[in-house]
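Going in written order, the chains are labelled A, B, C and D, and every chain counts its residues from 1.
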Amino acid sequence: MTEEVFYWQALNRALDAELAADDAVFVLGEDVGLYGGSYRVTEGLYAKYGEWRVRDTPISEGSFTGLGVGAALAGMRPVVEIMTINFSLLALDAIVNMAAKVPFMSGGQFPMPLVVRMPGGVAKQLAAQHSQRLEQMYMNVPGLRLAVPSTPQDAWWQLRQAIRSDEPIVLLEHELLYFSKGPLDVTAGAPPMHRAAVRRKGADLTLVAWSRMVDLSLRAAGRLAEQGIEVEVIDLRSLRPIDWDTCAESVQRTHNLLVVEEDSGFAGAGAEVVATLGERCFFDLDAPPRRLAAEELPIPYNRNLEAACIPTVSGIVQTVKEMLEGGENP
Amino acid sequence: MDQETRLQMLHDMLLARAFEERAAEEYTKGNIGGFLHLYPGEEAVAVGVLHAAEPSDYVVSTYREHVHAMVRGMPPGVVMAELFGKRDGCSRGMGGSMHLFDRERRFMGGYAIVGETYPVAIGIGYAIAMRKLPEAVICFFGDGAVNQGTFHESLNMAALWKLPVLFVCENNHYQIGTEIHRHSAVTEVYRRACAHRIPARKADGMDVFEVHQATRMALDQIRQDTGPYLLEFETYRFRGHSMADPGTYRPKVEVQAKEKEDPVAVAIAETLPGYPTAEQIAAAGTDSITRMTDTMNAGGHLPGDTLQRIEAQVAQEVEEAVAFAQASPEPTMEDARAALDCNRGMEVLI
Amino acid sequence: MTEEVFYWQALNRALDAELAADDAVFVLGEDVGLYGGSYRVTEGLYAKYGEWRVRDTPISEGSFTGLGVGAALAGMRPVVEIMTINFSLLALDAIVNMAAKVPFMSGGQFPMPLVVRMPGGVAKQLAAQHSQRLEQMYMNVPGLRLAVPSTPQDAWWQLRQAIRSDEPIVLLEHELLYFSKGPLDVTAGAPPMHRAAVRRKGADLTLVAWSRMVDLSLRAAGRLAEQGIEVEVIDLRSLRPIDWDTCAESVQRTHNLLVVEEDSGFAGAGAEVVATLGERCFFDLDAPPRRLAAEELPIPYNRNLEAACIPTVSGIVQTVKEMLEGGENP
Amino acid sequence: MDQETRLQMLHDMLLARAFEERAAEEYTKGNIGGFLHLYPGEEAVAVGVLHAAEPSDYVVSTYREHVHAMVRGMPPGVVMAELFGKRDGCSRGMGGSMHLFDRERRFMGGYAIVGETYPVAIGIGYAIAMRKLPEAVICFFGDGAVNQGTFHESLNMAALWKLPVLFVCENNHYQIGTEIHRHSAVTEVYRRACAHRIPARKADGMDVFEVHQATRMALDQIRQDTGPYLLEFETYRFRGHSMADPGTYRPKVEVQAKEKEDPVAVAIAETLPGYPTAEQIAAAGTDSITRMTDTMNAGGHLPGDTLQRIEAQVAQEVEEAVAFAQASPEPTMEDARAALDCNRGMEVLI
């Protein structure tokens, strides 16, 4: 039943399936229709479902995301695509002050079946304004959920789950993952949407990552294994809520924690991971939990500098080794 | 217009005034907290507009929305209970004055960040248009709110996709303390609609019958699937921007130019510290209630003690509303969690 | 030389002093002029400096903050007031994608002497859309600085320092602090803008707080002292950068850390504090570092619930006691 | 217009075309990364507008700004070096194609988030007006960008405070793959200015002389302190939105309607995979360069081998630009930190 597909294809099929299943679902965003989506995610859907269900919008992020809020209030299940997370700052009021708060402020009268999809991340020399993840901006918002699929299989299910949920959910994708391939089994059941996945077992250290950093972490784990170091790699899959049990159980076994994140570390998503696990697993840890993150710089355009600014496989390998060596004699 | 409607509208005008003045009083007593934005002076807009709407239409409003909610049919007690932050409030005490919601009456909320009503309204309009329903959305906003980017963004989309949205500007000439000619290059709001080829007109927001008629025409047109419409109503708020604002930035000459006795207001205002002076409140110049009763009298539509009867009824309704609010229990932390989790259902997250 | 003044007055005098000192300085925002500012911070300045230097704006947060960016590029020193932080989501593109990035993206050609002032926080029943601090949104932004004065003295100096700095700086004030009084000595020298202050010495536990939570922490410290527990209270004064040395030095002495924050804890500002100090002082800590934060809920309107949602003096007292008791036998 | 100016403008047109086609080539070779938005087809706008500006005026542009930068006087080598991400690039390799800056020439940046140019421009305009200087700001933006809320927000403030800003719309009819009639209810951009009482007109953006004249008139008016002005230039981009976009959403009929040979483009395009077809590129219908040379020929302003001479010169300049870019060193991490700390000075933070 398993097929190798691109991440964008998995998302595309998920949208197709949900559009077919429920006519309250509609998709909107810049160039999602006729053009087929900047990253092909909506390819073919305009022809199949027509302009009302696959709506090309003007460049008005604040209002078309807010349109999604209004439509959700009226019983629709809108899926808003923001072309990249960098533009979502313009839609933050709609997401944080409207979508996340209306269900609560209305005393529970209005569910908010809104999905906002967007890619984030450092891609290929897109420079400072186009190379952010900004995920932490969506984490400190009660009433909002944030999923970060790292594989086609997760992209497929998490998008479908998000669409079916009555809560507002941000689905954070990644520019560089769209054209990566992986297995997709559409007949396989779905794990709970926000449960973390142990992608690789290991006894020496817990590596927590999400989105594109999972791949780098797995590759680092492979290299480390060659050197006799077994790291456990956890893919968070979700940044709000975070599946603490899976993480804590791992740290209790490995006694070491490293969080790998693509954005700069100061007050990034990793801070929450380290803070909570540091608190919860304090007496289990052999060494200080650490974060490996991007440099504290806007991302430079120059390709070498860009690469030097974000975590790399060898950087992960080195940090793990440092931690395990340093951890022996405090 | 039949007499029943006329009397109902008069009732709503009087209720609006009495309710708001009482709310001011309850605020000074400490029963209401937060920002409290009152509507006296502007009643003709809410009453005229909403009496022209169908129950199947949707309403989206701002933080100055108590009267919209009541004219839409929300019981005064439920609104007052919300202002008191009580469990029987329309938003269960979670929203307060600025966030009244009523799903059943399609009252889609009061929004407190200026400029949020537009996207919400076009979203609902989108849902209607997609399903080809004969419904419309009424979207309220102030004169200050038209400078928020969402105004033009949303108008463009509404026009582009012919969404059934009636944009209603309550132009009271002020964005808190900033007068319209100091916040907008074009002070006739309806002219902005030209940027999006949306039909628009301006009408006297102090004349409830004119408001009603203009709204009926606009909604009729919207129901022909011609797309959005914009109405600008010129009006005036007698009070400060909110209970936190004494309104002293308005020159006396201006307030006096609108002068005419509004006894209810004067009486209440005198009890309020740091609030518009009696003179200022007396500025009921083109007061919409007086104007309405004058018109009705002239047409012979207020026979005998009709007015007094309605006034008495309204007074009682307000009393009852306050009593209801007082009697209602405080919400609990469990209520708060339940409000947030309304959309969780049985979903298993982790 | 010391005078008791309101926090708003200290800010007002700071603006007055800088407007007088440098005619490149100008102030803009909603109702800052004729009306005198929603919280009186700009009172009297319009009459004194005229409409070009104290500019009332339309409700266009995105563009008038961006106007500040443009004016700064042209050599001015704009001080933008956003009426409350809740509206700053509409200006986030201007702050994050423009102000914080242009100096870098231009290869260092353009300094950015922009100040964005705004109050945040839970005040008095302002309900969910008006009761946020959102400070963490400004922390994960390389190129931006974020100061959080908690006293009139700090308000006075930090605002002046911010105006004189060539870097973009957000000054986060607090609705409930404006009308609190404290000493102001305008002749006293200024500490470095981002240095933390030890507000109370103590040997048993380090309490880290900022803005309005400093006052609560000091009051809790007072009560705890009556019970023989001596906590050290650190006022961060700044959330980007954070003065880690002052914090770490304290934790090394007290061996215990509690962070008190007004916003909800998940991925809040406190996560960074706990994460970094947990890492840096790992071997000094007797017990897991903890955060005391708001409930994971939008803030309810109802006054009891509102109060129950954010940290209180007695909540701090209780948490400290729990930590110190629990810390003895891990 | 004197002959010298005319020839300089022709030079700039030819340089613009040659530079951009070479950039496309270098992109396919991997020497340029990121998003690369090219300008072929639209040259008359940048050249016409910027030749009407004074050196003391400011320019604010978008991500499609290489040509604006060069016409403004930035050496092609410095621009190319920036596209290559090199240390001698105008932004030291930190900004890239979308973020060209040149303080000295008052080139205030390329902004990549659609709609950012307006607030930047009014901010500079504010600084000018406050100091009562005789300067102006030229603010470029596309047809898609007018739907961003900042457009109307900024226009309102510019009009309200009479800021010296010339808003220049490069209407190439497309917002990436979305044609103007599908993104805007009003497709004549200049009509939107009526919402703010800003004088506005539309002109032929394929005719460099018309662009130049319209701009001169507008700037003259702005310098009378009458406030902002808006110009809309209709133009057409021959290529896809960026090098990542094949441009296949444009119906062939449309492209063919504009057909006329543009040999340089064809030659280059054929070497590019996944790029507009030769037919598409051949769509130089109302090509502004041909049009300019035709006009100049008709007026006797291109005697002898003038054109060939300039073409040769331009070819050489582009070669040199590439050589300069290639020779320039890569910036280091220290350069990156220095760029960020440019505004730190000697300040002690902690």
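Some notes on this structure:
As a working rule, a residue touches a chain if its C-beta (ideal position, glycine included) is under 8 Å from a C-beta of that chain, and two chains touch if they have at least 3 such contacts.
None of these values were measured; they are calculated from a predicted model.
Two chain pairs are in question, A-D and A-B; the one with more C-beta pairs in contact is A-B. With chains reduced to the mean position of their C-alpha atoms, the one farthest from subunit D is B.
In whole angstrom, the spacing between the mean C-alpha positions of subunit A and subunit D is 36.
Per-chain Cα centroids separate subunit B from subunit D by 47 Å.
Chain geometry summary: the mean Cα position of subunit C and that of subunit D are 41 Å apart.
Counting partner chains per residue, subunit B has residues 91, 93-95, 99, 111, 113, 147-150, 153, 156, 160, 182-184, 336, 339-340 touching two or more of them. With touch defined as above, residues shared between interfaces to two or more other chains in subunit A number as follows: 57-58, 60, 62-63, 86, 90, 93, 97, 104-105, 127-129, 142-143, 295, 297-298, 300-301.
Residues of subunit A touching subunit D in their complex: 30-31, 34-35, 38, 56-63, 86-87, 90, 124-130, 295, 297-298, 300-305, 308-309. Within the complex, the subunit A residues that touch subunit C are 62, 86, 89-90, 92-93, 96-97, 100-101, 104-105, 127-129, 134, 136-137, 139-140, 142-143, 239-240, 263-264, 266-272, 274-276, 278-280, 282-283, 285, 287-291, 295-298, 300-301, 330.
Within the complex, the subunit C residues that touch subunit D are 26, 52-53, 55, 57-58, 60, 62-76, 78, 93-94, 97-98, 102-113, 142-143, 145, 165-168, 192-195, 238, 241, 243, 245. The part of subunit B that touches subunit D in the complex is made up of residues 147-153, 155-156, 159-160, 182-186, 191-198. For subunit B in complex with subunit C, the touching residues are 33-35, 82, 85-86, 91, 93-99, 111-115, 144-145, 147-149, 175-178, 182-184, 249, 330-333, 336-337, 339-340.
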